[in-house]
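One chain, chain A, links the two complexes that follow: it is found with chain B in the first and with chain C in the second.
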Partner chain A sequence: MTKQEIVDVIKKNIADNLDDIDVKDIDPTKSMKDYGANSLDIIEVVSCSMRDLDIRIPRSELADIGNIDQLADKFLENIGKK
Partner chain B sequence: MTKPIDWDLDDKKIATLRMQDTENKNVFSHAFVEAFLATFDEIEEAEPRVLVIRGLDDVFSGGADRESLMELAAGKIVVRDLVLSERLIHARFPIIAAMEGHAMGGGLVIGLCSDIVLMANESRYGAVFINMGFTPGMGTTTLLPLLVGPYLASEMMMTGRRYRGKELKGLGVHVNDILPKAEVLPKARDLALQIAEKNPKSIALLKAALSTPKKKLLIDARAQEDLMHHLSFGFPETKAIIHEFYAGK
Partner chain C sequence: MADSKATNYSLADFHFNDSKDVLAAPADFEAWMAHPDVKQAFAFFFQQFLAAPKANTEILSGVDGKRRRIVNLTSYNYLGLATHPEVLQAVKDAVDQYGLSASGAPLVSGTTDLHVKFARMLAEFKQKEDCLLFSSGYGGNVGAIQGIMRKGDVVIMDEKGHKSLVDGVTLSGARLVTFAHNDMNDLEAKLEAHKGKRRLIVVEGVYSMDGDLVKLPEVAALSEKHGAPIFLDEAHSSLMFGAGGRGVGEHFGIEHKVGISYGTLSKSFGGVGGFICGNAGLLRYMRGYASAWNFSCAPSPAVVGGLIKALEIATRDSSLRDKLWANTKYFKDRLTTMGLNIGHSESQVIPIIVGNSGELLFKMAGEMQLAGLFLQPVDYPAVPAHARRYRISMSSQLTKEDLDMALNIIEDVVAKGLKKSGIDYMSIKP
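== the complex of A and B ==
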């Protein structure tokens, strides 16, 4: 799986979980908060994306992530490892 | 420092209880539940015509705190939480839950124990108990089916998902209203005013009659939830999940 595919999964889940946002308008260098996500929206996007990608990362390892691109990097590190 | 819970009574005899523990986001710590119950005593004494319960604008309540869960996992019996449900259901005046912010687990139960429930499109609501490995409590297993219907209640309890208010509306949840966040409090106020102008003695009679099914459901819940908690918190897996859930926090 490529990083771009992971970014697409995250974008899809952002669009599913927030109002009036189109996948094509999401800039990965931004934080989900920039699109109006609250803390629980973010948790939901992260857990839906992990389910789609079949990975599990403890919440403590996700605490310092600042934008969508960094989240995708973290997911990429964990792909295929269980 | 502001009190974690405060209340007031206005000239129409409408009481408002505000959960405002900004630091801990209205989680049910020992101190918080004690403060809630003490506040509730004061409100009952003041004999309001109706009570509006509200939280912070982003969080209504997050439910049980880590310490309480650890105690349950250690085999201690914590009856305090059930007392909260009981007190709300047995109140002599109508209760309106103005849930502008997120409500999870025990926080959602406050809504389940109220007479009128208002939610916000933007906020999230979940019976999240199972995410931490254990079975639901505080009356959720019998009261949630009444609020949202039996099938969606099963889904909410089994998946632990945090549903957006707007999503719940689409799923046909029959609470009083699911509105834009900014309209939740004005709507609660409007309903409170309409109730407050009615004959309070007849309202009290009506309240007692209408809450009878919930009183029975709570008794049923207590029997099955206590048993399930006893078993569920005894599983080593449950302790491991609670620890993992709070790791790094």
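== the complex of A and C ==
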């Protein structure tokens, strides 16, 4: 799986979980908070994305991630390791 | 579990259940729970109290399975009212007259004259027009928010708001918008961003994991400027803050600027349940729509009988809260002298911040308990992963001997343990 495919999964889940956001408007260098996500929204997006990608990373290891691109990198490291 | 250690996982990681059998727990959750390190951490949960939650009591230890006398720094019995002899007598009297259960929802058959009396007392105490009593503290917040807010509305809440407040918003269908903890610029930005909508600002008097206070005067100014009323959760401040014990609203001298005042009855009050106080029209409306009130059995009349006495005791003079604050000051001064990180606590809730090591957190908690101190660890996700901690609930019941014993154990185990660990714990933000 490529990083772009992972970014696309995250974008789709952001669009599914937040109001008034279109996939094409999401910039991976930004944080989900920039799109109005609260902590519950972020948990939902991360959980749905991990489920779609069949990975499981402890939430405690994601605390320092600052934007969507960094989240995709972390996901990429864990593909196939569940 | 890929490359991560079992203790890096938490209950935050198993929300989704992919088992085909909906009546089965997730397979990896079962494997996680069976891991020896996780079992050791969970040994701290569900430990049995073998006597009342007093300052000195006895538990069946989860650490070694033995009965043990302990000094208790964890229970919420802040003012000792859960075990006050006058309160217990009032409970006995109420049981004799009314029995154990209200045996019905408040609208139908669950309202006794005790419920009416206590609700009136609380409304008067909080200087509001009316009061609703809930059977649980969690239910009080869920019911209140769900009863007030609707789809299309916006709840603007401090990011450290309690789970019950968050769940209330989810159930209401309103949009949840959080602002950075006690950050007034962020609160104003969020108020601006949702201009034109029905907005409610939700804050807590004392934040339960940090012990710091809401910046209520600043919140009140923004509330007025933007026309968004305040819902103030005084779970950890009622009966303790303010000259009359009415809470943080009174402490800041602006309780009239609080739209809805919420409180729990299980902490300083020493019983169980929750309540909200507010204007009579809104509460009359909420009696039809706050489901946690409308569709729950009314609080046990025996408990309400005890709570009436608890409120009388806590308001007839300031002796209990004076003792609580004297104990709090003594304890904090000593913890600070030991060089421990107690965050920005301004209350009887005192964190000792340990850092990101779950292993160290649970190891030292076990050592403290074996030495006779019951001080429970607070792990992620209840607090940030970088700031795992112990959370002291100070009580007016603790004697100087109890406090000194607890402090000696904390010094021997935590202060020395942290210094030895090499962790830069003083720079950790709560």
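Just so we're on the same page, the second predicted complex is superposed on the first by the 82 of 82 C-alpha atoms of A that agree within 3 Å, B and C clash if a C-alpha of one lies under 4 Å from a C-alpha of the other, contacts with A are read in each partner's own complex, and residues count from 1 in each chain.
We take it that a residue touches a chain if its C-beta (ideal position, glycine included) is under 8 Å from a C-beta of that chain, and two chains touch if they have at least 3 such contacts.
Just so you know, these numbers come straight off a predicted model, no measurement behind them.
Visitor: Touching A:Asp73, do we find chain B (first), chain C (second), both, or neither?
Guide: Touch partners of A:Asp73: none, neither chain B nor chain C.
Visitor: Regarding the shared-chain residue A:Asp8, is it in contact with chain B (first), chain C (second), both, or neither?
Guide: neither
Visitor: In the overlaid three-chain picture, which partner chain does A:Asn38 touch, first (chain B) or second (chain C), both, or neither?
Guide: It touches chain B and chain C both.
Visitor: Which chain makes contact with more of the residues of chain A, chain B or else chain C?
Guide: The partner with more contacted residues on chain A is C.
Visitor: Going by the contact rule set out at the top, does A:Lys81 touch chain B (first), chain C (second), both, or neither?
Guide: So A:Lys81 only meets chain C here.
Visitor: Looking at A:Asp19, would you say it contacts chain B, chain C, both, or neither? Reply first, second, both or neither.
Guide: both
Visitor: A:Asp52 contacts which: chain B (first), chain C (second), both, neither?
Guide: In the superposition, A:Asp52 touches no partner, neither chain B nor chain C.
Visitor: Once the complexes are superposed, what residues of chain A are shared between the chain B interface and the chain C interface?
Guide: 19, 38, 40, 43, 58-61, 63
Visitor: Hey, which residues of chain B end up touching chain A in the complex?
Guide: Answer in residue numbers: 58, 102, 122-124, 161-162, 164, 166, 244-245, 247-249.
Visitor: Tell me, which parts of chain C touch chain A in their complex?
Guide: Chain C residues touching chain A: 1-4, 8-10, 12-13, 15-16, 18, 28, 159, 166, 170, 175-178, 193, 356, 380-381, 384-386.
Visitor: Mind listing the chain A positions that touch chain C in their complex?
Guide: Interface residues on chain A, with respect to chain C: 19, 36, 38-40, 43, 47, 51, 55-61, 63, 78, 81-82.
Visitor: Which residues of chain A touch chain B once you look at their complex with the stated criterion?
Guide: The touching residues are 17, 19, 38, 40-41, 43-44, 58-61, 63.
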